[in-house]
Every structure is written in structure tokens, then in C-alpha cells.
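Shared between the two complexes below is chain A, which has chain B as its partner in the first and chain C in the second.
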Partner chain A sequence: MDLDLSAPHSTGTTIIGVTYNGGVVLGADSRTSTGMYVANRASDKITELTDNVYVCRSGSAADTQVISDYVRYFLHQHTIQLGQPATVKVAANLVRLLSYQNKNMLQAGVIVGGWDKYEGGQIYSVPLGGTILRQPFSIGGSGSSYLYGFFDQAWKEDMTHEEAEQLVVKAASLAMARDGASGGVVRTVTINAEGVTRKFYGGDTLPLWHDELEPTNSLLDLLSSSVPEPMST
Partner chain B sequence: MSSIGTGYDLSVTTFSPDGRVFQIEYAAKAVDNSGTVIGIKCKDGIVLGVEKLISSKMMLAGSNRRIHSVHRHSGLAVAGLAADGRQIVARAKSEATNYEKTYGEPIPVKELADRVASYVHLCTLYWWLRPFGCGVILGGYDRDGPQLYMVEPSGISYRYFGAAMGKGRQAAKTEIEKLKLSEMTCREGVIEVAKIIYGVHDEAKDKAFELELSWVCDESNRQHQKVPDDLLNEAITAAKAALEEMDAD
Partner chain C sequence: MELQLSMVDGSVCMKDSAKSEISSERTLYPYVTGTSIIGMKYKDGVILASDTAGSYGSTLRYKSVERIKQVGDHTLIGASGEISDFQEIMRYLDELILYDKMWDDGNSLGPKEVHNYLNRIMYNRRNKFNPLWNSLVLGGVKKGQKYLGTVNMIGTHYEDDHLATGFGNHLARPILRSEWREDLTFEEAVKLIEKCLLVLLYRDRSSINKFQIAKITDEGTTIFPPYALKTFWGFSHFQNPSKGAAGTW
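Showing the complex of A and B:
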């Protein structure tokens, strides 16, 4: 079990994007790994592109950060030119153009989500090759493998905001329990007509699943109650 | 308001002492001498109409189109030098395609108008280019509803409820102002435009003309297209009847 500290930072990750009646909820775990080492246990994988469009990043951390920076820059100019906020579709398209045209060099799977006045809440999936696909909900990252069946059963159209938020948090925590490359805390971002709301769910607020142990105090505490005998010779 | 700008009118990069660029004003004259072009914004779409003066009896009807589709959702009607107009249409088409390739959605009409206006203006900035001798009326229907823009040879572009260029523009504007556009559908608008064009056509000065009409509205599924033949004929009949009524007075 060798710690390869020069391995590229990867957002091993679980990312989720879900539409609900009135907007979208984006969710992600917070683990950034360098090989086996957790480089950042509290990272923020949900990045702002514009006031009304955010992106969940998975794959190479560097690649997704650079793509986000470029798209933020292009969208800023586009907004000035247009005189009104950019649509989610445009943001997603710019992401996929970069992803597709540089597919040989990039490892980036992202979920673009946001709200605009024409189409309301929308989720666009842009996986590794640069496909763009609009979906009512989307999952990505290494942890998503464990969520396909879960969403098949738990997803429904036209949820309320509370239902959608709880679904995202539950799903993320399930994936984090099984996927070694996902973990830490759950962050969510809600985007709707009123604006953007960020929420944080620490480890102690997340439910425990099968075979996960309750947190307990260290057993060494039992020893410290009696004065330790000095060692003889 | 026309004056000879002797000495200050040889180049588009020369201002006159009273702050005018004469070459641009001369370019506008080319537009003023062409057949009338009208655009109106009805409550459910746009209607564009052109008085296409026929120079020769040998010309095939329907040829030498003055109204062009730039994109699925918008069309351009050209007044002035036709060849210059073709260039503007080509540029507009290319802008629309590039926008959609980059941004993944059809170009908003406002953006298209901005780009056409910038392009026309560009050609007024260099001495080795001449200004376009044509003006265009751009009508389109996008997510923000139907919109009508007019671009002049100077590069000025405004958004309008009703616009007219060419010989009969003054008379046409007066007629358009009488219409209640916000309550009119495009179907009714087509008839009105035909009446106006027939009305402003000068029988004495010009000979025959062909009426070209196009629309983009809810009825055409928000696609820019030639007005269907049956409606076109209906419009022409109504326009001719209206003329007779006027003459009968």
C-alpha cells in the first residue's frame, strides 16, 4: 500500500444533480484523493459559473477547474453582450465544446445545473467523451455506480424542494459509505428563481447505513481512569 | 436636407466642418431611390413586404428575391443595391450559424441585429472600403417574442413596431401609423402590408412591380417563410380593390 503522492489529484467523487418543481438541487461529496492519500477531505466540488448556473465536477481536479475557469470567463462576456443572464443550455454547451474538442487530453465528467427564465430548472450531463445530455436528474463520479438502482427506485417527477434535498443527501451518503474514493461531508447547492442556497451536512448529521459503526469514544479512555503503574526495570 | 459637400465628400473617412460624413449620406440616397420595403410587428409575429420594381418584362416572376431567410426564425428584407444586400445576408447567415455552433441555441434576434449593424458600420470606418448601399429590415421570432429591427447604411439599428425604407417610405410610414398593430394578427397584417405597398406605388414614375411578402408568426410555426400562395393572392386582390375604391373617390 504505497502512498503515491505524485499521482494527479482526482476527484474520486460522487456528484448528483436533480430537478424539482421550481429549480434544481446539486450535491457532492468532499473527498479529493491523490492515489490512496486524501489530499482534501472537505473540498467544494460544486463550482459557480454564473449567478444562476453551477457545475458539479468529477474526474481530474485540475482539468475540471480549468474548464470551469474558461467557461466562467466566456459566460461573463456572453452575459455582457446579451444584456441578460446566460441560459443553462448555453453554459452546458460551452462546457461540452471544451470537453469534446480536447477529449484526448482531458479527464472530466461534469454535471451542469441551473435555472433560467425560459426553461426553469435544468440539468445537463457532460460525461468523459464530451456528450451533452439533458436529464431530469443525473449522477456521476466513481461513487455513482452504487446509486443507479437507488435512483431507479427513489426518483420521482415534480418533487418539492425538501424532497429533492433529502434525496440528494441520502444518495450521496449511501455512495460515500461504499465508495472508497468518496467521503467527508455532503455539500448541496439549490438554484431557483429566487437565487442560490448553499447547505452543508457534516459527517455527524449523515445517516449510518448497513455495517457502519456508531461513533464511540476511544477505548483508551477506560485505561486513563486508573493511575498507570510505573514500569519496573 | 440634401446639400453638396464639395471637398468633404470624397472619402468616408472625412468629416465635414458641420460634423457630417457625406459618403454615408450618399449611401443612404441609394436606399431612398429603391423600391419600398416595409416591416410590421403584429401581436403574433412579423410581416415583411417589398415593392420589387421589375426592370424588364423578360424577368421570371419570383426571381431576384429581395427577402431572404437568415435562420429558421428570422428574415431580412433588403432595400437599395441588391448585390450589397446579398453580402449582408451572407454575413447574417454566417453569424447565425456560428452563434448556434458555439452557444448551442438559436441566435436571439437582438443579437443578430447587433451583429448586422456592427458589420454595416465596420464598412464606414476605412477609406479602402465603401459603405453598403443598402438598408435592411430584419424580422424574427425568438424566445422573447417577435421583434423587428431596421439597419441603415450608417450602421444605426433600432427596434421598431413598423418600419419602411425606399421611395414610398414617408407615405408608407403614415399608413403604418394608422394601423392598430398590437391587436392585429399576421394574417390581417399581410393584407394591410399589401394594401400599403400597392398604395404607395407610383404608377406614373415606375412601371410594373412584383409584390414579395414573407412572415414569421405563430401560424407559420415561428418559421420565416414566404407567405403561402393563397393568402398572397387574397392580399393582392384586396390591395387592388382598395386602390379602385380610392380612385373611385
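Showing the complex of A and C:
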């Protein structure tokens, strides 16, 4: 295979973060792959940094885990010093510092999302290289390629929580349908003034898209219930 | 510069009018690919199964690709690897069967013969460094004799009671080695195949939830319409894996 080593390496995942009128909804698929093998089909890519800030991880699992471990540690100390919860901006910038200062060694594309009392719900995108960008919504990982058009059309300002959650689940599900490196279940984390809520959308509860079929228990069930004869010679 | 069609291998290339040589080309890598094929013998004949995905790198680009086809009256062929090469192989095989029928001598090519023919094609292409980038499974029944064989892009070929290509070798074969029996009924065989298909769906990145099963017996061939399987995600551990270990996967 010809390898283009200079191209940015977007890796096996779909991650999404959107703001809504009370906070943020973070979403991700659950597939971790080593090559073509699915090493973990139900992994958790949305990781806690503090009670009010979470991060969606894409790229090298090891790199993003160690970054979030460091940032969690720093934020813990910062919270003690500050005497109040850390802001989302501080959390995102800590992630950025690590990403930027070690850019030659790391492969980490993350979306930091959370809620604080000063700015409410915020989403910060920290892609490969360590750029930091505050955005009303952000998508990342290899599956995100399939979602740019979708979000251009479907995103709107000031959604309700239900709308935001539905949008994230729909988008993740669409990306999983086309990206071989994404799959499994959709996990979402909602962060707002009230706290944090985790949700889980299992494989068969996700909507079906073009060219996908309703799941059954077995071909034998279909054969015994259907009337017309299948194709044969 | 002009285009020239080579009569040797059908390749089209640019030709400099000063030279009379035809430059040769070789397949370097596949583009649109199919993943595993599973095949197994059962009481009445042979069953082949696959999903219907045509991947374009890591994109699941085509979702209704029929990778199991009939060849003559006695054989089924399943292909993984480059889809365009499989389509070319089907052209060769359809021509082979047609010429055989034209003899009208009461004889017909069985799976063993088709396998041998394919093996020659695959191996000769491999020797010219221009392989047909496929792994093929051939199943058939002729005069009560069940047959199941495989041949791939480098010309390796063998027969067995159950076979698989690609990831199926790693994930499905162990299940089959443990649970296959000579006298499986059609229903038992389908259940066993579906067990394998489900593992492949969970663990092979390039698989999709849309499958095709085909069977061949002395009576004839049936390729069933595509269908999807229910998946299970209800393990309690799946609900909250990072509880008590923030940052784990």
C-alpha cells in the first residue's frame, strides 16, 4: 500500500460535541480497532476530566488516555487551589498545551465539552497539532468526514436538549453506517447546570439508513414466515 | 502517443509510436473490496455465506454487492478481495460454462473442474506479477458428491469440510472446527453459519449487517435474498465501562 506519511492521520472513531440552550451534548461511537480487528466493540471514548468537563477522544488510544490523565490531575489540583469548579476554557487549554508542546510525538484529536457558571455550555475543538477553537458544535475522527454536509444542513442555534441529543445520535449513527472504523453503540454525555447524564444507544436501537435492513433472529424465521419462494434455479 | 489494447492480457496502455514494446502493468493494490466468505458442507450439500459489502478503503461505500454467484448447474462461487477482479473472473467462468454447454454432449463441468480452471488462471496471473486480487471459495454438488474448495490470488488452493477467507479464517474457522458435523441439517447449518457471521459483524471492521446465504444440493441452487441479523449489546459491562476507572477504554 502506498502510505502518504505527510497527510494528517484521522483515526478510527466518530466524535461529536454540540451546544444547546442549557449546556452541551457530547457523543461518540464505541469501536476501537487494531488494524482491521475490532479490539473493543463497546469502548467508552467520552472521558471525565472534572465533574463538569468531559472530553471526546480520537486518535491513538494511548496518547489520548495519558493526556486526559495528566489534565485530570492538573485540574484536580487547580480546583483545590481555586476553591471552585474549573472552567471549561482552562480544561481545554490544558489539553491544548500538552497537545501542542508534544505535537511531534502525539496523535490526539479531541473535543472538550462542559458547563461552567461563567460561560454556560461550551465546546472546544483541539485537533492534531494543538490548535484550539471554540465552536458551537464540533465533529472529529475518521467518521466525521461523512458528517460535514449533514451538519451544514442540520445544525441550528439554540436547540433544546432533546433536539441536540437526537441530532448527535442521528449523526453518529450515519457516520457509523459508512465509516468502517466507527461502529458499535452510541454513547452520549449531557453536561448542564444540573450535572451530568450518561446515555447509551445500543446497536439495534439506532435508526436504519439507506440500504440497511431490519434485523431478524435468523434466516430460518424469514423462510418459515414468507410466502414467495426465494430465487432458485 | 496513442492507446493500444494488448491482446495478451486485455490491458490498455499508452504507446509511443517510436517503440513497439507494450508496457506491462501490474495490480499493486485493491480498491473496492469484499471481506470474508464462509463455506461449509452439510447433510444435503454445501452452504456459502457472506455479507454484501463493497468497501472502498475504510469507507463502506457499496452495501448491496452480491459476492456469491452461481457457475453452471453444479457450482457456487464466493469471492472476497477486489470486486472488479471477481467480475472479470465471472466473465471467464460464464464463458467456460457456455463453451461447455455448446458441446451439448450430456456432460457438464462440475465444481472440481471449475476449481482447477480457476487455479490455473490465478496461478498464471500471479507468475506474471499481475494477480486477480481475490480469495475464492467454490462449493458444489455433482452426482451426490459434495465439494468445497478455495483458491486465492497467489494460487494456493485446497479443499476441506469447511472453509473461510480473510478474517473468517481467524474468527469463523475455530467455531466451525468445534461445532461442525457431517450430518448437519439445513436448519442447523444456517444457525451455525449465522453464529460465525455475527462474530464477523462484531469483530471485522469491513463487515456490515446485511448477509447472503446460498445453498447448493443435487436438486439445485438457491441464493437467498439479503437479510440482517439482530446484534446483542446488553452486557452490563457495556453500560458504563469507565465507572471507577475514568479514562479507560
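Operating definition for what follows: the second predicted complex is superposed on the first by the 208 of 233 C-alpha atoms of A that agree within 3 Å, B and C clash if a C-alpha of one lies under 4 Å from a C-alpha of the other, contacts with A are read in each partner's own complex, and residues count from 1 in each chain.
In the analysis below, a residue touches a chain if its C-beta (ideal position, glycine included) is under 8 Å from a C-beta of that chain, and two chains touch if they have at least 3 such contacts.
Keep in mind that what you see is a predicted model, and the values were worked out from it rather than measured.
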| item | value |
| --- | --- |
| Side-by-side fit of chain B and chain C on chain A, or clash | fit |
| Larger contact residue set on chain A - chain B or chain C | C |
| Partner chain(s) touched by A:A92 [first = chain B, second = chain C, both, neither] | first |
| Partner chain in contact with A:H78 - chain B first, chain C second, else both or neither | first |
| Which of chain B and chain C A:E165 touches, first, second, both or neither | neither |
| Which of chain B and chain C A:N217 touches, first, second, both or neither | second |
| Chain B versus chain C as contact partner of A:Y118, first or second or both or neither | first |
| Shortest span in Å between Cα atoms of chain B and of chain C, once chain A is used as the common reference | 22 |
| Intersection of the chain A residues that touch chain B with those that touch chain C | none |
| Chain B residues touching chain A - in the complex, by the definition given at the top | 102-105, 108, 110-111, 114, 143 |
| Contact footprint of chain A on chain C as seen in their complex | 28-29, 55, 58-61, 63-64, 70, 73, 167, 187, 190-191, 194, 202-206, 208-211, 213, 220-231, 233-235, 237-242, 246-249 |
| For the chain A and chain C complex, residues of the former touching the latter | 1-2, 12, 31-33, 36-38, 40-45, 47-48, 61, 65, 68-69, 72, 142, 177-181, 183-185, 198, 200, 202-204, 210-220, 222-223, 230-233 |
| For the chain A and chain B complex, residues of the former touching the latter | 78, 81-83, 87, 89-90, 92-94, 97, 118, 132 |
